[in-house]
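Multiple structures are listed underneath, in structure tokens.
Two complexes, one shared chain (chain A), two partners (chain B, chain C).
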Partner chain A sequence: MTSVAWKPGSRTPVGMLVAALIGCPGLCPAVSAQPSAEEILRRVDANMTFDTARTTARMIISYSDGDVRELEFTSWAQGEDRSFLEFTSPARDAGSRFLRLGPDLMWIYLPRVGKSVRIQGHMLRQGLMGSDFSYGDASENPSLIEDYDAVIEGQEELDGRPTWILHLTGRTRDLAYPSERLWIDAERWVPLKEERYARSGRLLKTATLGDVRQVGGRWYPFRVTLDNALQADTSTTLEFIAFELEVSIPDEIFTLRHLEGGNL
Partner chain B sequence: MSRPATGSFSPPLLLTGLLLIVGPLVAGPRAARAQGAVFTGYFEHQYTLARRDGAWSHLDYDRLRADIDAEAGRSTRASAAIIWQIFRGNTSIRLRELLPDRFKPLAPSAPIPIEDQHFINHAFIVLRPGPVTITAGKQYLAWGRGMVFNPTELFRPKNLLEPTYEREGIGAIQASVATGRLGDISLVYVPDGGPRSSPKVLRVRQHLAGWDLSALVAELHESTTIDFMGQPIGGTERRLVFGGDVTGEVLGFGLWAEATWNRHAGASWWELTLGGNTTLPWGTLLAIEGFYDGRGQWDAPYPLTSWLARLTGARRTLGKGMLFATLSHPAWQLWTFGLSGLANTGDRSVVILPTVLYSFAQNVDLTLYGYLSGGAEGTEFGSQGQGGFIRARVYF
Partner chain C sequence: MSESRRRLPLLRLAARNTRRNTRRTLLTMSAVLAAVAVVTFAFGYINGLLDDFLDSWARIQSGHVRITQSEYPARERFLPLHLNIPHLGELLPVIRSHPDVVEALPRIRTAVLVDNGDENTAGVVIGADLEREVGYLDILAMIQEGRAPQAGEAGLLVGHLLAGNLGVSVGDTLTLLGQTAYRSLGGLRAPITGLTATGVDPLDRVTIFLSFEQAQEMTYLDDATTEILVFVEDFEEAEATAASLQTELDPLVTGGVEAVSWRDQGEIFQLLDMADAIYAVIMFIFLFMAGLIIVNTMLMTVLERTQEFGMLSAMGMRTSHIFGLIISEGMIIGLIGAVIGGLVGSGFALWLETTGLNMAKAFEGMDWPVSTVFYPDWKLSHLIIGIALGVLTAGAATLLPARRAIRMKPAEALRE
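Right, the complex of A and B next:
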């Protein structure tokens, strides 16, 4: 989903044009001029997807009994499909790496075993390092408009920001979340809240996005909190410590040989 | 193959060990990383209680692992780890305890000591001149997708009762050439004895149409000689191996297959693993794996040579058909519950392995592990008894 930074997407031609506009607040359309649902999705895709990015982030898993686990990682991403992530702390998980080369192509490297393992099929449902984010969350197509049809359900103020509420319905059956409801910041084109549903209509996950900052002429949430309805005793917050867009990344990073022991 | 060295520390090793351990503690994590080197490791304590042949025994150990990883630019990397392990309790075992009743009278009565040990778990350098990667030193050669049974794992077979536990590296020289993003061709040379008798492996990996594929051909010279009551049993024979594995998914189910065709001492046989896994919507992981070993027998009784080959690790199993199934579920808070079973489909002996994992703190894991065996006397698991262990591991 767009909330996971190490999984970027390439821009569409329309998206590139919109992205250029977003960098200039004076040129942004007024909230009252209602865009279509498709136009909103295009603007979100244009704002939230990028060509390359390097991220350092902290993942905080909070348990209902007060226990907390913190993990830090660095990630590199290129285009829609390629991303590489390495956990740097805590000591227990340091050196664990992930390589993603497409929607269903993910590998994990386990340093103490010295082996990479394909993350297959429904294994994508498992939590990423025990968090509320699943491997599947990290494996979605970041471009909403490619996977979903959208309708506008209304407008609402959320955390002091004007938002459009969109209901999304998946075009294919193989999506991790067949339907979603999004609260989109009507001026910055950033989702501020996401509800993700199963085919049965059951709410699976709720994401709350905040600490929105401007990076390279676009707006980006630096904090994402995910509540998993199937894992009621935890919530996971992702905080971005450093976030660089359009950086130069050696192609070598997105290879199995780098996953299994490459220098960074 | 090389074995862990035992005995007293030599001064250089002691100095290295002290640097590995004391350095990070004194200087702190930031300083430890200051010059491109990263120091990590763990301390592990385990208490094992077992009941076999109607008698209880226990074994207690401390294990300290110190790792150092260093990078020198983009094209050179080094990694090493030293392990110290000390044992208490019943620190010896008699061979007769591991054999079925009919062979017990033949086994020597002298106990085999379980000695304190220290050894280099791995120590290798990676050099990357252009598209070639050269890895020299004691390194991991962990191949194949099988969870428990890996026919293509030629050098360090997994422990069937705890297949995910780390394994020692193999002293080798490996040269790999990348063939695309997910492929490579590797040549592995494992110095052992003379050049002719040293194992050699050619391995190719590639990703095609959503499937991960590998193929290998290997020449090994395996020693199966065991001193049994003063009589050497077995010998050293050339073994040829052709094998490979394939991994992918169908309808959301992860699938894998791994196989080898072997020729050794005038005989040839197949080893084949088929497996699959899925994760249920509520997070429970289910996996099942079957294994066929052409060298095995469909039923007991097994000959003494087979028992001894299994004890030395030369054979993975005694039976021809094996089945492994496991489920694990991340339950309440930081607890994960698991249940695995291993069965010999021919002699109908089984081992049931319940596990509980608890993340006690950020870098502290507790593991509770049990094993319960069942089957007639003389079958593969019929004499394994019952037991379990509790293990605490602290990472630093």
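Right, the complex of A and C next:
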């Protein structure tokens, strides 16, 4: 097995997908032809990272009691740190906004409250609007090149696609997910499955990615389903409705003033 | 001579014997006295403590009967708002018109993030009908500073310790964020109109009281609530009321509600069992210690009077009478000690019923919602049971010395 370090600007695939929604893009490293762990990660980065993105998505939260909630939102993301997300439906949640200006710099704004609140500490681990995606999943942007070592564990066919299985091990103790296992499509270089583990080895979250489409010459998963093992009665699916890359985003969007009531 | 006529001189003889060694009699008596005083007081004290706890618990948490959505209790630690009781406007009059029901109070409890603009902390919102709660969860009486919000006014009553932690006071504005009945994110921004002190620090560190209407608005619980606390005339009859309410409400609510008496709400039972166990241990320790002293002193009595028992035996007194004589002596001393002890314990309990016993120090740092001043609840039965236990302990403790006395042979006893 080959052990490699992650490159700057890279991140775990679900993180990248969430990054596409609310930020954290980076530049893509060059791709080589060798299917080493490093090469696989570079090819994944090439598909999953970007400078700016505008996304419209549907979030479907399914509960074990049969209840299903559907929310829609639009998000703008720029660079590694800046993102803005606004829910547009249902009507009672419309106007709920989230702004991130960097690691641990995240604010919520609810129209009925009329004032932004900064999310800190353990709150970052809570579910975004009651979903399985935590605020932390959205706002954290770990430099995985510094934080993780990666090894190839093997190959496997997943949903009819050949995949490489990578295992990531955190180098520092302060990571939300000290280890992860990724299934990477061996031809399209997008993650199809991701398992995130606690230090104890306990599985925390499982992400299943699908509906892989070509956008601007790259492959990108348009659907991700996240199961949170600690929130057993729910499962959340994100479906991209629109996904635009390298769009022009005014700086004004990423401000508290805009968060608290400015129109786009 | 008939047996009954013989017993009388035996008791008279036993009574006279208790005066032969006054010091020893007083020692035995004081052991019984102390034990019975403690036991009698403990009866009243623990009774009062339990009553106080049950009363506080009922007012804060359980009601005499609590009505919730059927699945709510199992998931209560998450305070899930989506598991709510709908059609409140229709259900409340039905519950309140039940013949056993004195009051029915809807409440909403929900976890929130409390933000002062700079920092935030976790809190719990209790939305309640401030006027109707007087005499129950008497929020108005808890206001330490400021005032209650007026009808329709968005205002917060914040636990004084929570306010202290956040560095806010009356007039400042707080933002609350929490879940909604639709499992989404909701909130409220409102000024603090008052600071509250429940007397229970763990509550004062997290609680924010809101008017019921404000809590409904914040959580999107329109015409709904998370719980209804029902209070009845006689809380011992709460189980019957719960069953009757269940029958009445079942056809009215789709999805199901559950009416549960305080007795069937788990935590209370654990506490009652714990209190019973503590009480039994206290009683056993004190009575056992008293018993040991009695065994000792009575044994000394028997040893000292070996010749006397030998003489009585040689003169033809039956061993059963000697046995009875010694037991009677023990029980007479026990009775006098127990009566005085019972009166002392009762007097102390009755005195504390008016002054109260401040246990704030003992309960410091403990995380349970009861007041820290306890009032014993003395009953005549406590005195009677205390005295009976004292006399029986004295009698039982005398068995060993009495057995020793009757095992002596007259000739040997006379020689000693």
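The rule we apply is simple: the second predicted complex is superposed on the first by the 224 of 264 C-alpha atoms of A that agree within 3 Å, B and C clash if a C-alpha of one lies under 4 Å from a C-alpha of the other, contacts with A are read in each partner's own complex, and residues count from 1 in each chain.
Assume a residue touches a chain if its C-beta (ideal position, glycine included) is under 8 Å from a C-beta of that chain, and two chains touch if they have at least 3 such contacts.
Quick caveat: nothing in here was measured; it's all calculated off a predicted structure.
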> With both structures lined up on chain A, is it a clash or a fit for chain B and chain C?
Replying inline: clash
> For A:R173, is the partner it touches chain B (first), chain C (second), both, or none of the two (neither)?
Replying inline: neither
>> Once chain A of both complexes is superposed, is A:I108 in touch with chain B (first), chain C (second), both, or neither?
In response: second
>> Contacts for A:M129 in the overlay, against chain B (first) and chain C (second): which applies, first, second, both or neither?
In response: second
>> Taking the superposition on A as described, I'd like to know which of chain B and chain C A:T255 touches: first, second, both or neither.
In response: first
>> With both structures fitted on chain A, tell me whether chain B or chain C touches more of chain A's residues.
In response: B
> Which of the two partners, first being chain B and second being chain C, lies in contact with A:V117: first, second, both, or neither?
Replying inline: both
> Looking at the overlay, does A:R92 come into contact with chain B only (first), chain C only (second), both, or neither?
Replying inline: both
>> Per the definitions at the top, what is the overlap between the chain A residues touching chain B and those touching chain C?
In response: 63, 65, 67, 69, 92, 112-115, 117-118, 120, 123, 130
> Across the complex, what residues on chain C touch chain A?
Replying inline: 71, 82, 113, 115, 117, 119-120, 175-177, 179-180, 182-189, 220
>> Which stretch or stretches of chain A touch chain C in the complex?
In response: 61, 63, 65, 67, 69, 71, 92-93, 96, 108, 110, 112-115, 117-118, 120, 123, 129-130
> In their complex, what parts of chain B are in touch with chain A?
Replying inline: 38, 40, 42, 69, 71, 73-77, 79, 122, 126, 133, 135, 139-140, 142, 145, 164, 166-167, 169, 176, 178, 181-184, 205, 207, 210, 212, 247-255, 277-283, 285, 330, 332-334, 359, 362-363, 365, 395-396
> What does chain A use to touch chain B in their complex?
Replying inline: 63-65, 67, 69-70, 90-92, 94-95, 101, 104-105, 112-115, 117-118, 120-127, 130, 198, 230-231, 233-234, 254-257, 261, 263
